[in-house]
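Once you scroll down, you'll see the structures, which are given as structure tokens.
You will see two complexes here that share subunit A, one where it goes with subunit B and one where it goes with subunit C.
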Partner chain A sequence: MNLPDDKKYNKPSALAALTASALALPALQTQAATAPVDNIVSYRYSSYMEDDAKDSEVASGSTKRYDIDIQQFRISAPVGKSFSVSFDALTEKMSGASPMGTQAGADGQPQLVMSGASISENRDDVTASITHYGEKMSTGFTAGQSSENDYEANYFGIDWEWEFNQKNSAFQIAYSQSDDEITPTDAVLFGRVQRANKETQTINLGLSQVLSKNSLIQYGLGFSEDSGYLSDPYKIDDARPSSRTRYTAIMRYRHFYKESNGALHFDYRYYNDDWDITSHTFNFAWHKNVSGKIQLIPSFRYYSQTEANFYEPYKAAGNTNPYYSSDYRLSPYGAISAGLQFIHKFKHFSYTAKFERYESDKKYSFEKVAVENPGLVSYTLITVGFDFIF
Partner chain B sequence: MFIRLAFLTLVLLTSACTTTIQPWERGILAKPEMQWVNDGPGFSLSNHIHFSKEGSSGGTMVVGGGCGCN
Partner chain C sequence: MPLELFKHPFKIMGGPAEIQIYLDDRINTPQPHFELAVKEAQRLEKKYSRYRDDSVTTTINNSAGNRQGTRVDEETAGLLNYAQIAWEQSDGLFDITSGVLRKAWDFKSVKLPDQAIISTLLNFVGWNKLSWNTPLLYLPKGMEIDFGGVVKEYAADAIATLLRNNGIHHGLVDLAGDISIIGPHPNDKPWKIGIRNPANPVEAIASIDAYEGGIASSGNYERFIIVNNKRYCHILNPKTGWPQQGVGGVSVHASTCLVAGTATTTAMLLGIKDGKEWLRASQFKHLILKE
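What follows is the complex of A and B.
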């Protein structure tokens, strides 16, 4: 969250730095482990626009892919000296078409079977959180619900953080769980599952460390287990295993350069699961203070993944594997994205605008990819909004 | 076991190469741009997009549910 008055946060409090290192208060991740002293109200409007599918790669259906309008509202406030509460609300309005499957084209390359362009849907997500701040330990509890006309997820999480080593180090542990219910539309008409459930449980461990007066590092390990109906009911012949075990290892580094008056952010994530997907994600951002009131943040992200062991570009005749999917998310590919964010602080307000471009392609993969899935997504994301502190 | 060993190794390595920074020396570390995340809504949205459009996710400790995202 972009705070309008640096001075308020430059108090050399013993906790401040490490607090900064709070890996994370679920859902927020922006608050330090010290109790906040300000009320903050935030609003964002974002426009997410996917590139249309190429005519030459679409066998049937619409080439017009998703556009999504997103509005986010957040309020966080201290309660007494040792508690804080926050409330997040998000609403999305989606329209466009999405890939339903693939088939072999005349040249042997996969072609998309797209849905019609008439898909129009809303998603609403609300989350509430409360955190208690003790002398050396903070405890947070988060609960929320995401709802669509054909999907509902109810989730909660609890997290603890302990500070030690004269508060130069902090250890974090968090547990979260989500119970999801899927009720596909037109299930009987198209022979889809009529009602199904999915459960996800996640445990994360983290360690953050102050390295110097101007640098911080954080390590984290994550373990997650999905179980239940993990297939996509809208995709043709999609059949996935009923469980998925996922592992992550992360590293985050922050370094402030006094001479440049800016902070370098570097994040890396290693991911592996028992569907045989391995991925690497690198994030770089440069938080440059142009003046006391203006900040520019150029950023770059690189992502690459291998394919799931049951993924195929299209279903070949004679395929008897019990599991199959041609979902582009399970295909091998790489993606790059670049963004530029502008922040202007004015009195109690902080105004922000951000532009981001994301492109995925087989040529960005860290491993050679023989056949690219034509459903890969490229998009443009534009965000404007403000924070108000009082 | 592997996770515990890896984590212990990280703790030891990190502790071995750092010195204690006193509270009054942490002014820079407390700056907003030095936080792990300093744009909460933007971070949440990016996470959700990557979660729904890529084949892997996690590592952020953000609590959330799934979606019927196509």
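What follows is the complex of A and C.
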């Protein structure tokens, strides 16, 4: 085909004429933007199962440690064009025994003094939050309450986030405060404190930065101050300082690899407090999109901490230090955990199942640990749940 | 957290497709937007597929020869109005009645069609031979219309508009290379759209920066036969019944993907020299590559 040579394509109107006609099509009509309506209802059930204590490490009491059934419910909904509200409820049912203390065994190694297996407790936690999303800044307010038969915590928090640098950078600041009251059971019988209070104030600062189309980094600094009764009333001879100052530094990195259709999440957390505990946490997760609907997330976490300056594996006869605790959480140890999560999106539903195995041991510690606390916990955590979006 | 990018690949109209949107996943989840998008694509595929007995296209083609003509809905009327403008603006090269020429061309074979068959079929090709008075279309007996040259491009624009109307400001819709931009990246950077190398269609030879509008590409590599070292591609001239040699590939960035697609088809049929000139004179942003 050849058009005559004298034909001139002098048609500056072609683009304009075609465009005018295309834009008259009904599906290409622009409407005023409406606020998206996305309500989310989520439910999770988790089963947390601690391994039983070894017979050889238990001096008295039950070897059966905690099992916890956890149910979580969440509803989140936008309100108007710039607000979002959410409500969270959690209920836990704990059963099993917990370490009350330690004593020296015949071989000089510490042994656990366990409570009887009769402990069965519930904890309920409710939290409500509201967030305002402005053009450059969002502001959130959260308040909640956690209650057990012997413990009640009331907390609130406020946070701000500013986006700048064309939304490539964001700065976050958050403040929260918690007022806790403990009223130990059988206080008179066992000579425990009858009523005690604790207050915690926390400030967190964060900076997130988009590094490229596929990567993001976030830094955070945290400062927290606990004051009041910080001991564990159920542990024998437990006496801790009445204040604790905690510092954290975090780094989170996300990178999406287009060729493998997956995102690497790497997190590091440094922790230090004035009880002399220092810890490091490394977390790796690979969010692999198996298809548009299925996501698999294998993850691995490594943790190591040093001991508190008043921690002892057991109370030695000549110990005159005013502070003492043999709580395994204040002992030197390391831990590893591995998990695998499965997410399936189906229409308005997203289903998830997760399996996690956690083990703590002196051999995983960064620094050499001479005496391992027999109370160190290992557990299996299984979570199933769904999100419904409407 | 800043806006996050979410991608949703799916299959539509016989090819791969992908929606990419940025949203704030603290308030929103991408899933409902993706569902909306896929539903719109499926709606248009179903409505205009010539392979379906219940499609508008089949209904219109079955009415060929019916003196009363057939009454079409508002959306189809819009597409027919567009087809008329496209036919006029391309000097008759962009013609939605040229589909009957497929009866002569078999792109799975290795031989050229018989000129006698092409000549016969050309009697049933030509927008000027039908009568279109909104909303009535009269199609002479033996003629067919085919929205294949517009519907995928239109669907890309329709989905982009739908998502924009739903509050998405950053993203794109890619229906097998027919691309409609919802809006630039959240940092106001343009999307970089890769342009296929006609000599090696799996690699990109250049890229187009796009903040808005639509991008369409055509090439002689899409469907073709080679006879005596000459390449015959599937874009057929409605006046001759033959493809035009010369253009290896052409990409156009225009106000919408629909308009861009019309321009690439027209340029393919004009050949490299005339095509270049037409694109330039018509003020299309374009990239045209020799065979």
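Heads up, the rule we're going with is that the second predicted complex is superposed on the first by the 353 of 390 C-alpha atoms of A that agree within 3 Å, B and C clash if a C-alpha of one lies under 4 Å from a C-alpha of the other, contacts with A are read in each partner's own complex, and residues count from 1 in each chain.
Keep this in mind: a residue touches a chain if its C-beta (ideal position, glycine included) is under 8 Å from a C-beta of that chain, and two chains touch if they have at least 3 such contacts.
The structure presented is a predicted model; accordingly, all values stated were derived computationally and were not measured.
Engineer: In the overlay, answer first, second, both or neither for which of subunit B and subunit C A:148 touches.
Structural biologist: Touch status of A:148: first partner only.
Engineer: Who wins on subunit A residues touched, subunit B or subunit C?
Structural biologist: B
Engineer: Considering only the touch criterion stated at the top, classify A:389 as touching first (subunit B), second (subunit C), both, or neither.
Structural biologist: Second partner only, subunit C.
Engineer: With the two complexes superposed on chain A, say which partner A:166 touches: subunit B (first), subunit C (second), both, or neither.
Structural biologist: both
Engineer: Examine A:368 and indicate which partner it touches, taking first as subunit B and second as subunit C; both and neither are also allowed.
Structural biologist: neither
Engineer: In the overlaid three-chain picture, which partner chain does A:38 touch, first (subunit B) or second (subunit C), both, or neither?
Structural biologist: second
Engineer: For A:210, is the partner it touches subunit B (first), subunit C (second), both, or none of the two (neither)?
Structural biologist: both
Engineer: Where on subunit A do the contacts from subunit B and from subunit C line up?
Structural biologist: Shared contact residues on subunit A (touching subunit B in one complex, subunit C in the other): 1, 3, 9-14, 17-24, 26-30, 165-169, 208, 210, 213, 216, 256.
Engineer: Quick check on the complex: what are the subunit C residues that touch subunit A?
Structural biologist: Answer in residue numbers: 1-3, 5, 8-10, 24, 26-29, 31-32, 35, 40, 74-75, 78-79, 81-82, 85-86, 88-91, 154, 157-158, 161-162, 164-167, 185-188, 237, 239-240, 242, 244, 254-256, 258-259, 262-263, 269-270, 274, 277-278, 281-284.
Engineer: Tell me, which parts of subunit B touch subunit A in their complex?
Structural biologist: Residue positions touching the partner: 3, 6-7, 10-11, 14-15, 17-45, 49-50, 53-68, 70.
Engineer: Spell out the residues on subunit A that touch subunit C in their complex, using ranges where they run on.
Structural biologist: Subunit A reaches subunit C through residues 1, 3, 7-15, 17-31, 33-36, 38, 40, 78, 84, 131, 133, 138, 161, 163, 165-170, 208, 210, 213, 216, 256, 292, 345, 347-348, 350, 389.
Engineer: Note which residues of subunit A are touching subunit B in the complex, please.
Structural biologist: Contacts found on subunit A: 1-3, 6, 9-14, 16-24, 26-30, 32, 42, 44, 46, 48, 66, 70, 72, 74, 88, 90, 98-99, 115, 119, 123, 125, 127, 142, 144-146, 148, 150-151, 153-157, 159, 165-169, 172, 174, 176, 178-180, 182, 198, 200, 202, 204-214, 216-224, 232, 234, 246, 248-250, 252, 254, 256, 258, 262-263, 269, 271, 273, 277, 279, 281, 287, 289, 295, 303, 305, 308, 329-331, 335, 341, 352, 354, 377, 379, 381, 383, 385.
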